[in-house]
Amino acid sequence: MTILLIANRGEVVVRVAKTARELGWKIATIYEPDDRQSPHIRVGDIAVEVDSYTSIDSVVEAALRVGADIVHPGYGFLSENPEFAKKLLDLGISWAGPSPEKMRLLGDKIEARRLAEQAGVPVLPWCEALDVGDALRCAEDIGYPVVVKASNTGGGRGQRIARNGEELVKAFQLVALEARGWGKPRIFVEKFVENARHVEVQILADRYGSVVHLYERECSVQRRRQKIVEEAPSPLTARRKKLRSELLDYALKLSEYAGYDGIGTLEFIYDPKSDQFYFIEANTRLQVEHGVTEMVTGVDIVKHQLLTGLEKPLSLRQSEITVRGWAVEARVYAEKVLSDFAPAEGVVTKLRMPSGPWLRVDSIVEEGYHVNPKYDTLLAKIIAWGSDRLEAVKRLEIALKETVIGGVETNLDLLRELLASEEFVKADYHTLFLEKTLDRIRRKISEKLQILKEIVSRINMPQLLHMKTPNVRLQGIRWRTYGWLAASTRSRY
Amino acid sequence: MTILLIANRGEVVVRVAKTARELGWKIATIYEPDDRQSPHIRVGDIAVEVDSYTSIDSVVEAALRVGADIVHPGYGFLSENPEFAKKLLDLGISWAGPSPEKMRLLGDKIEARRLAEQAGVPVLPWCEALDVGDALRCAEDIGYPVVVKASNTGGGRGQRIARNGEELVKAFQLVALEARGWGKPRIFVEKFVENARHVEVQILADRYGSVVHLYERECSVQRRRQKIVEEAPSPLTARRKKLRSELLDYALKLSEYAGYDGIGTLEFIYDPKSDQFYFIEANTRLQVEHGVTEMVTGVDIVKHQLLTGLEKPLSLRQSEITVRGWAVEARVYAEKVLSDFAPAEGVVTKLRMPSGPWLRVDSIVEEGYHVNPKYDTLLAKIIAWGSDRLEAVKRLEIALKETVIGGVETNLDLLRELLASEEFVKADYHTLFLEKTLDRIRRKISEKLQILKEIVSRINMPQLLHMKTPNVRLQGIRWRTYGWLAASTRSRY
Amino acid sequence: MGGSQRQRVLGIKRVSDNVYEVLLEDDSGKRYTVHVKVEGDILETPYGSYYLQDISRIETVGEARGGRSVLGVSWAIDFDSSSGIFKAKLSLKIIDVKVGRGSRVARDDTLLLFETMKMVGELKSPCEGIVEEVFVKPGEGVKSGSQLLKLKCK
Amino acid sequence: MGGSQRQRVLGIKRVSDNVYEVLLEDDSGKRYTVHVKVEGDILETPYGSYYLQDISRIETVGEARGGRSVLGVSWAIDFDSSSGIFKAKLSLKIIDVKVGRGSRVARDDTLLLFETMKMVGELKSPCEGIVEEVFVKPGEGVKSGSQLLKLKCK
């Protein structure tokens, strides 16, 4: 009987537990002292208290205590920490990830970039900057705009755009501050690509030299450099065979050159000017958006992550992997979209999740769930599959409209607007698309909410709230004469 | 704006509404006077009262009242009634099904059988029986055992096995009685196949002569001739290419010969003795188990049903349709498995449905749902997809174990046992398999429930029931020394 | 849970606040441990998850069989052997009544035919006896709880 | 809902017991009808479904913007212009304090740097003024509601 410790919280614990159950494994979860109510601990057979989700010693101790054979780190927290992985491996506990050396090599943006250069994979013009002076000189060389990045941060932290020297000075300081949590901060400056698209390739590899890719995902819809809508395949590369095969070749080339030995993702930026992909960084862990790839390839990424973590050889060949249809994911966050995406706090008092055909919901939320803004406030990922992109987008739009999360502010209205927007439907977007359309979208949301407020204030509310069993009798209305739901429904047929 | 009336109740209304929403249509539902609380009416934009779900006049009136452009009949009730379809079409309302003439032709088991013979598709030895004398003579000719069937019934009614003359007399009388509800009862006697397997082919056709198949499903796991577990593809034909292509050829041949013009299913019996498929009947409507085919082909059957109903040409070519992986469905019924599958009545007081990757749940149930044994008591269909059969079966088994439907008796324990049984895992089953293993399965269920009763009676219940927030602290247990969940977990890896 | 070995509970031990270890023994004396977990009002077990309040109400084969062996239609019709009254357990439609007041019947003789949503069924006599009363007519629909027949067994 | 046309509600009519027809007009005078449905405690609309109790609590852009334009960090820190007190709206970690008691600041000068789960932010002065009090130190973690600074605007 294999015992798995899932060293994380939130929806990823639920997701990983599903596969572990399928494998017939026993599951242990962890919780911080004041996070004991979180539903993630219930998916396991037993839960252990730790000092902190990021305390290596405490989590390692938990793994020892439950007799774990293997640890899955989820994403965030210790998932990209090679010291944590090494400590476990040294104790004879397997690690559901690549070996610590590969984590170090590819997890460091500067090292990974150098590796890509050696492997012949294009990267954007860049230079390391030990101080502000370096950074300014580098930016002059490369030409503004540039991005200042820390070599070792994740989740959209530690990177800021600068369009001139003044912005660069400030960006350098802030990035340096943000990067402290990840150890010694190494900073570099990279050319910023206008109208860029973010496309990434999912890689599966084992300890024995096998590497396959599961095709690409596009994650260009981001807010503050955090992805919120992702899709597989990429609308950009799906219609351009040569560009796609270039991208996939780069990914395999780099993985093989690096001797990569777990599951991971290689992220690329597409520059429409040069019509070229550039490697930007690697993620040596499971990604939030892995579900869209699972839906179009039918491959259980977590299963391969767990099994290769146990040093099993990869059981998939490249020729067996194909893409069918399209999958689009929307991340539902508890946050105040109209107030700079501040994390929202609160208790979910009403929940209605979409279900039925073509949908997948990976969620942590339930009625009574307390959203703790101390942690990432991702509540659920709603994924729709379609035989083509338009079908998937439409299904996701409807699923989002059906979803009700009451009692706490969420980004549901933003996602609904986004999915219905002309730009998204046409896949006419880039990494700053959301930031550029945010004012328009916010205004639209605000107007709709104003109308709804007015409608509700005019409806005889007390009666409605007490009407537990709506008595629906048609009063002679002929719908043809009205524009019933007209605003929402544009048929494709 | 297209207006759809869904002339049914239960989970099929929810399913059909999903696709209609995606098409941007407006949805009307119906309800009988004492079924107004049923959740199915809520998925529409508006609901209309009808005298009865089977009253043609009343349902047609409802369609007129809401200005319906098209009616979807679901399954059961009026779904196979050509008079109903004709009345709608005569009023200029489209019908989400084949034309009434084809419904008549293929809906009648005797006519369909004659057609198959003409088309060169094998059928089992049979003869029509106008009275008991005819039936006895026929059975003598064919040889016992035989099945007595009515030409025009559905849902497992109107068919009984007879192994001798005495049983035949009784069977004839009962079948004649059961068939009354479907109009003039025509009875026939057919050779009964021992260890038969039930495999069916999903057909999509349009009014313009296009016919494609969506491959096959196997539905051999039945209780009282009602399917409870279905899968696509068939484990029998998936491993035997020639047999499969024979089956699919038969289905296309018959559809084309009949000039079939909607979506439908052709059902076949496989006789292991002759190693041959025999056509038994056609279903000129959507089937309960259509979801497994949707999951492996990615084709939205309901969408094609609705669009061909509106006389659109079929937009799919045979070459575009492929099967990926495997899907298995379990039908969750409110019924007393230990008391001859009597329909259970009650209110669902607790509900936990499975969710997450690889699953699809088509359900009508919610907390507070009242199961009315006056109607079919299908609560939900839980479907799991896997890249191969074992993966799908394991995922479904786990999903069923996670499911909780409290307050009303269900067949969940039966399904759990079934999915875990050696016979099912090996697909070593036939149409009487469940009946033959039922005693064993019932005993197993009974034993498990006895143990659970004893466990619960020994646990300090009041304390547990008040413990809203389980305080899970590990008390120094080392799992390795215990057989934690050992009984349930057999790893495939 | 292997084959048809009947198991019994030897002991239960609390492992953590909501997890219990159960020691089972089967007929052959082989012992097993199984763990169950209480999550709010749900009991999670290797056999599946259950609503706690349902478990004590569970009817198992042994108990259910009693009724079945007498009538073969116990899910639709109840027989009270002391009063001799048959009652409908569901809404039924009476298709045919094969006996009248005073009819002598043998065990397993068909008394009446009825219909439910699911199928047509036969009510057979559980004993040799005399029909004392018939409360229903062919074609009649009866509600759950309605009396159908009164039979006096010899 | 077309483009950036602002719409207003002209009237509401009950169509059936839980369905309402809403007549809207946009700036150009064009009229639309929209139907909404009340299902228990959920309002179903063409824009999406909402928990009824939430709708009256909704904060819209106009209202939210007020705060934003003053501080640019309104989601993390509150400024009460009458008392001059800055308060944390979330748990924050103070990274750096750029001013001390008595510091003179111009509008948009950085007062302090803080960190949340999401990123590092700057608190900028909403006005020209004098720092009257600093309640926090670099490296300190503060809870939601804690006072950070007191500023007197000119």
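A few remarks follow.
The letters A, B, C and D name the chains in turn, as written, and every chain counts its residues from 1.
FYI, a residue touches a chain if its C-beta (ideal position, glycine included) is under 8 Å from a C-beta of that chain, and two chains touch if they have at least 3 such contacts.
Bear in mind the structure is a predicted one, so any value in this text is a computation, not a measurement.
The interface with the greater count of contacting C-beta pairs, when A-D is set against B-D, is A-D. A straight line joining the Cα centres of subunit A and subunit B is 38 Å long. Between subunit C and subunit D the centroid-to-centroid distance comes to 62 Å (mean Cα coordinates, whole Å).
Between the CA-based centres of subunit A and subunit D the separation comes to 26 Å, rounded to the whole angstrom. The distance from the centre of subunit B to the centre of subunit D, with each centre set as the mean of the Cα atoms, comes to 52 Å. Multi-chain contact residues, meaning those touching two or more other chains, occur in subunit C at positions 15-16, 19, 35, 39.
For subunit B, the set of residues that touch two or more other chains comprises 45-46, 471-474, 477, 483-486, 489.
Of all possible chain pairs, those that touch are A-B, A-C, A-D, B-C, B-D.
For subunit A in complex with subunit D, the residues that touch the partner chain are 156-157, 174, 177-178, 224, 336, 338-343, 345, 349-350, 352, 373-376, 400-407, 412-413, 416, 440, 442-459, 461, 464-465, 467-468, 470-475, 477, 482-489. Within the complex, the subunit A residues that touch subunit B are 1-3, 14-15, 18-19, 21-26, 36-37, 41, 45-49, 65-67, 291, 294, 298-300, 307, 312, 324-325, 353, 355-363, 385, 387, 391, 394-395, 398, 469, 471-474, 477-480, 483-486, 489-493.
Only residues 42, 45-46 of subunit B touch subunit D when the two sit together in their complex. Those residues of subunit D lying in contact with subunit B across their complex are 15-16, 19, 35, 37, 39.
The residues of subunit C lying in touch with subunit B in their complex are 1, 4, 6-9, 12, 15-22, 24, 32-36, 38-43, 45-56, 58-62, 64, 67-68, 73-76, 89-91, 95-96, 113, 115-120, 122.
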